[in-house]
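Chains: A, B, C and D, in written order; residue numbering restarts at 1 for each.
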Amino acid sequence: MTEKKSTKSLEVPKTMKAWVLDGPEELRLTEKPVPQPGPAEVLVRIDAVSICGTDVEIITKGLPAWIRGGLPFNKNFTPGHEYMGTIVKLGEGVDEYKIGDRVAVEIHAGCGRCERCRQGMYTSCLNYGLNYEGHNKGHRANGFTTDGGFAQYAVNHINTLAHVPDKMSDEEATLIVTAGTAMYGLDVLGGLVAGESLVVTGPGPIGLMAVAVGKALGADPVILTGTRDSRLNLGLKLGADHVININKENPVEVVKRITGGRGANYVMECSGAPNALNEAMDMTQRGGRICLAAFPSEPALVDLAKIVRNNIYLYGIRGEGKSATHRAAALMTQKKFDAKLMHTHTFPLEELPTAFKYFRGRIEDAIKVVVKVS
Amino acid sequence: MTEKKSTKSLEVPKTMKAWVLDGPEELRLTEKPVPQPGPAEVLVRIDAVSICGTDVEIITKGLPAWIRGGLPFNKNFTPGHEYMGTIVKLGEGVDEYKIGDRVAVEIHAGCGRCERCRQGMYTSCLNYGLNYEGHNKGHRANGFTTDGGFAQYAVNHINTLAHVPDKMSDEEATLIVTAGTAMYGLDVLGGLVAGESLVVTGPGPIGLMAVAVGKALGADPVILTGTRDSRLNLGLKLGADHVININKENPVEVVKRITGGRGANYVMECSGAPNALNEAMDMTQRGGRICLAAFPSEPALVDLAKIVRNNIYLYGIRGEGKSATHRAAALMTQKKFDAKLMHTHTFPLEELPTAFKYFRGRIEDAIKVVVKVS
Amino acid sequence: MTEKKSTKSLEVPKTMKAWVLDGPEELRLTEKPVPQPGPAEVLVRIDAVSICGTDVEIITKGLPAWIRGGLPFNKNFTPGHEYMGTIVKLGEGVDEYKIGDRVAVEIHAGCGRCERCRQGMYTSCLNYGLNYEGHNKGHRANGFTTDGGFAQYAVNHINTLAHVPDKMSDEEATLIVTAGTAMYGLDVLGGLVAGESLVVTGPGPIGLMAVAVGKALGADPVILTGTRDSRLNLGLKLGADHVININKENPVEVVKRITGGRGANYVMECSGAPNALNEAMDMTQRGGRICLAAFPSEPALVDLAKIVRNNIYLYGIRGEGKSATHRAAALMTQKKFDAKLMHTHTFPLEELPTAFKYFRGRIEDAIKVVVKVS
Amino acid sequence: MTEKKSTKSLEVPKTMKAWVLDGPEELRLTEKPVPQPGPAEVLVRIDAVSICGTDVEIITKGLPAWIRGGLPFNKNFTPGHEYMGTIVKLGEGVDEYKIGDRVAVEIHAGCGRCERCRQGMYTSCLNYGLNYEGHNKGHRANGFTTDGGFAQYAVNHINTLAHVPDKMSDEEATLIVTAGTAMYGLDVLGGLVAGESLVVTGPGPIGLMAVAVGKALGADPVILTGTRDSRLNLGLKLGADHVININKENPVEVVKRITGGRGANYVMECSGAPNALNEAMDMTQRGGRICLAAFPSEPALVDLAKIVRNNIYLYGIRGEGKSATHRAAALMTQKKFDAKLMHTHTFPLEELPTAFKYFRGRIEDAIKVVVKVS
């Protein structure tokens, strides 16, 4: 890592460079006013931001249909949500952080007033997206419903921040939120995974982080399935005990064999493949649990009877709830696994389109493509 | 109710009348030796047994495929699992019950030694069905893997027993296990349902009991969906605040309207309709929970993305785990709802085929058809 | 009940009558400006407010030591927290409630940003009391850290509100928060109390509500201990199956006898007696659970070994967390128990000192003394 | 480690060497028949057994008062419960293990039929100790209520076994159950400790293992308190981030300082000091949790008000419930921490009294004194 902190300025200019989305596939670099933090908010100077598959969704299709609800395309919207940076300004009443602190961000700040937020389930906020004039419930989803990180500065609610230790590089810190999502998946599966078998289906970033976090918490064996050997090999480096290339082997059969015929305790589905849930159910032992962290783009034919017959619990998650990001950051700070292995490419902010090209085309086997901002 | 207890004999004969299943649809009344209870078991003189939809499955198709695993058809097997009766003999070491105690039974006694049983999840016993010579792990599922209740006597592990109070009729007591399944569904949904909205889809016996138990625990509103007005009206008597005849109204729209647009907190799916899960997801608010207590006979096209996007947790249950039967019995003993409303017909043991005819044909709107044995 | 809603004005004056606390025992009726609701807040016209033991603490000793932390006595502070009323003004962004809605209030609105609030444990907010200029984290505890209900109007965060149904009287509605505390105690004990034995020690308002809520949820038996037969008799009316006058009987022995020698599943300690925890432990079976909802004013000699040896879990609660007030309101709306039985006296706002005299002196066996404001 | 497996015999003799307890402090080496395993049991050839503080209690005072309940002193009883060995004979129906398997044992096998065992809380079995003729409920507590490990062979229920990997030495494997107790403590505290602050009070074997397991799961910081620097230094090697010698510093003040004034998230009390709970409460932040894993021999003066005011949950644990031993064994197998650091001395079976002398006198700073049997 390079330790550049001291040389970068904490002074805040009036305007900043920011990418905005004019329409599908129309990203444009522009100059915007630097936003100002309100109560319980800070201004973050963005140091690095990583590209996520959801960013591609947003850039190609616009903001998710479930958010837009018929709203016109926001011509001035800045996407990007896997970012980290340095606090340069504190909103009213903020003493939890101080200027100069390095922070990673998670996506969701709940409204704090709906039934879900009152339960601590802020990623399921019932006022999702209601952060507009006249409907301001205070919900924020960085890079989804409020301006995100493909820019020099962004405002963040303090609830979305996690400290980044001095010794962690900017690039690695952008992966905290990905690890946070994986951690949340393991949390909802019960959290007590030491010595239990865990299958992760799909070696995308969340799947790879699920392998790493699962192994860090003592899951054993950890089994990763996928189609590309390069990704599976990376899974081995991150802690997988077994990998299964589903183009070469039947994953259900292999999992059954590894688990002594009974199937796994837990499956974390990160592939979004149409048949993934059926296979997950066939891999899971009676009374086992499945977390769905990805989803097929089309409805899939599912044999629901298996869920009932085998007393399976199925947990859909979106994002990185219940402060899981903090737990993930703690594991990374303690070097329980090496998230940096997932970082393959770096580009400057100005070359965001090239960064997207590498990410989308998996050029040079790109996994995590990081954009350095400051 | 009729209080016949005192006049019935607690003496145990050598042989008994019992129905056995020779093959699909081949029920035959025969004479069998009265079985003997082992350690931690009792002999129950069966006083009444109710017919369940699963009994029909067993009688028409043989024991469930997931049990049989290729085993030959057991020519001497006695089905029947919703029974109650009187303890007439104690196995070694039993002092939890005494001779003369009236008891209702739940189905599952776990092996007590597998990973699930050690967790208290005995209905998900990993040694399900292993109660045969050479593979005896001690698991029992009354009327599924061990002889059941269409007979004069049955052996039961004490873990399957719940006390029946003096003032509860035999007929009502046969419904305890059905209420126990509904209770277990509400348990896995979190149990704290007072003031929360609950939709029950499907007004079969478990669905109707889910309405009653949910209302007894304070769920509000309780909404029941179905196709037959007679059943829906019964739901109203058992505590539903709203009923929706899905042949006349769009249930998703009505649930949304009743719940102020947000959808319900909980859905308990008891219909097994092919599209039931999709509708359940559409009825459920973000972060809501669905219990699957019935299942379609065929795989169904499911829009899994909704589970992920809406952070929905989905719980498959089979049976009546975690001592839910005891909680259900307690509510019925305290007259929190009137399960007797579901009891429509009574036949003597000798007329079991007629009882099945009424049940299967829903003759005279039959719901719970009870066979009186002693 | 009297239904006065329609005749009372929803217009908001500039000033209002309010009691303020000048010093210990120095309550004074004065005229104050009517406060204005901010974002996520409403202005409530107080219709009725009930006196709680904690109000007496505050009035005799000043605000609790754990709040004051050396702060000077707030000469303008209005206590009172068990109040209900009618919404007369909405703060910015509030559409969850509308003007004219009748509401009961719970005490705590968490800051929404500390570790506990993020978990949904808002009654344990780590920013308790920080609602002052320069330290404004947004926490509010009505009548403790922010002005309360012995006045004509009060500002409330919407998180503290619960709807009051038309058919519930003002007086009864003041008891919702008390029932909420009892409900929260049962929640932390696990919530699944149907058919389980529950001992409530101490027949004060929370204890009596614990009896009522526990019975409403099917606990059986519910056993209440105390020293005054009039209170114990009221417990019987609210649902207790057994009462024990500890001046006449040994409560541990009686509980053991009632529970077949094993002790109770749950004990909810509401007496604050010095020896209460020791007795609670002796009444509780191995693996049982105890909720402490009251506390002795002095340290007590406790045999901690019993907690370890018997695998007892002990839960301290303050207030009415995790939306338990909503569940309590739902049970009361559904008339699962009759909280009105606890209401003994009513006085107008001007006679607050008399109301306190009745409450403190238990004059005419006063339990809940209600002050009618509007 | 020495790998002696292959050279030791799996043949079972008729009689064996075993220590028995004739009376307080009267350990005697004798010859006993080798016991025979029943259904669901195995015979274990004991390879190594470690001495625990509870063994000292038993040897000096006889079996715990709570077990004996007035029973005469069992002249033929063999204590010892932290043992490991090799399976040499299988009881009826056992195929979960095979002859030659190396296993560590946990203490408790529940009855499988009481309310607690049905919940999976087998260490809180309500039939504790009932394993005698005429009262045989099947409960076993190795070395407490049934013969233990200071002998060449012992019968074990399969529920008490955990696999020991080939590469783990006998000596290390005796520590699995100690780590299991520490793991259980963290389980009951919620299990999600990554990035959360954990204080362990008391650097005995369980405390030291709590440090190691807590750190393995990512707790941060982990703070250990004690009186002897040698033990505290060992704590540092096992993963403590901070140690506090309470003879030199005020532990409450230091914990507050380390945790930014708020106190710790979790305290695991392993000292049994009279004032330990009061200090634990002062170290714990609002809404925090305390596990009591040790207990003072005398009742202690406790300021219970703090539990209520600070919404503290307090969990007493005895033993190593909910399969925590399996999780601990998995962490040790994966070398997440080095339990061997705690092993200080080894003696042969014949020298058990010397082993006890070292353990009791902490001679040469003895921590874990292991007796090698085979």
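The rule is simple: a residue touches a chain if its C-beta (ideal position, glycine included) is under 8 Å from a C-beta of that chain, and two chains touch if they have at least 3 such contacts.
The shown structure was predicted, so the numbers you read here are calculated from the model rather than taken from an experiment.
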Count of contact steps on the shortest path from chain B to chain D: 1
Which of C-D and A-C has more C-beta pairs touching across its chains: C-D
Inter-chain centre distance, chain A versus chain C - centres from mean C-alpha coordinates, in Å: 41
Averaged-CA centre spacing for the pair chain B and chain A, given as whole angstrom: 42
Where chain D touches two or more other chains at once, by residue number: 119, 121
Chain A to chain D touching residues, read off their complex: 183, 187, 190-192, 194-196, 216-218, 220, 326-331, 333-334, 336
Chain A partner contacts - residues on chain B that touch it in the complex: 66, 116, 119, 121, 123-126, 128, 188, 262, 277-278, 285-287, 292-297, 299-318, 321
Chain D-touching residues of chain B, taken from the complex the two chains share: 39-40, 92-93, 96, 112-113, 115, 117-122, 135-138, 158-159, 322-323
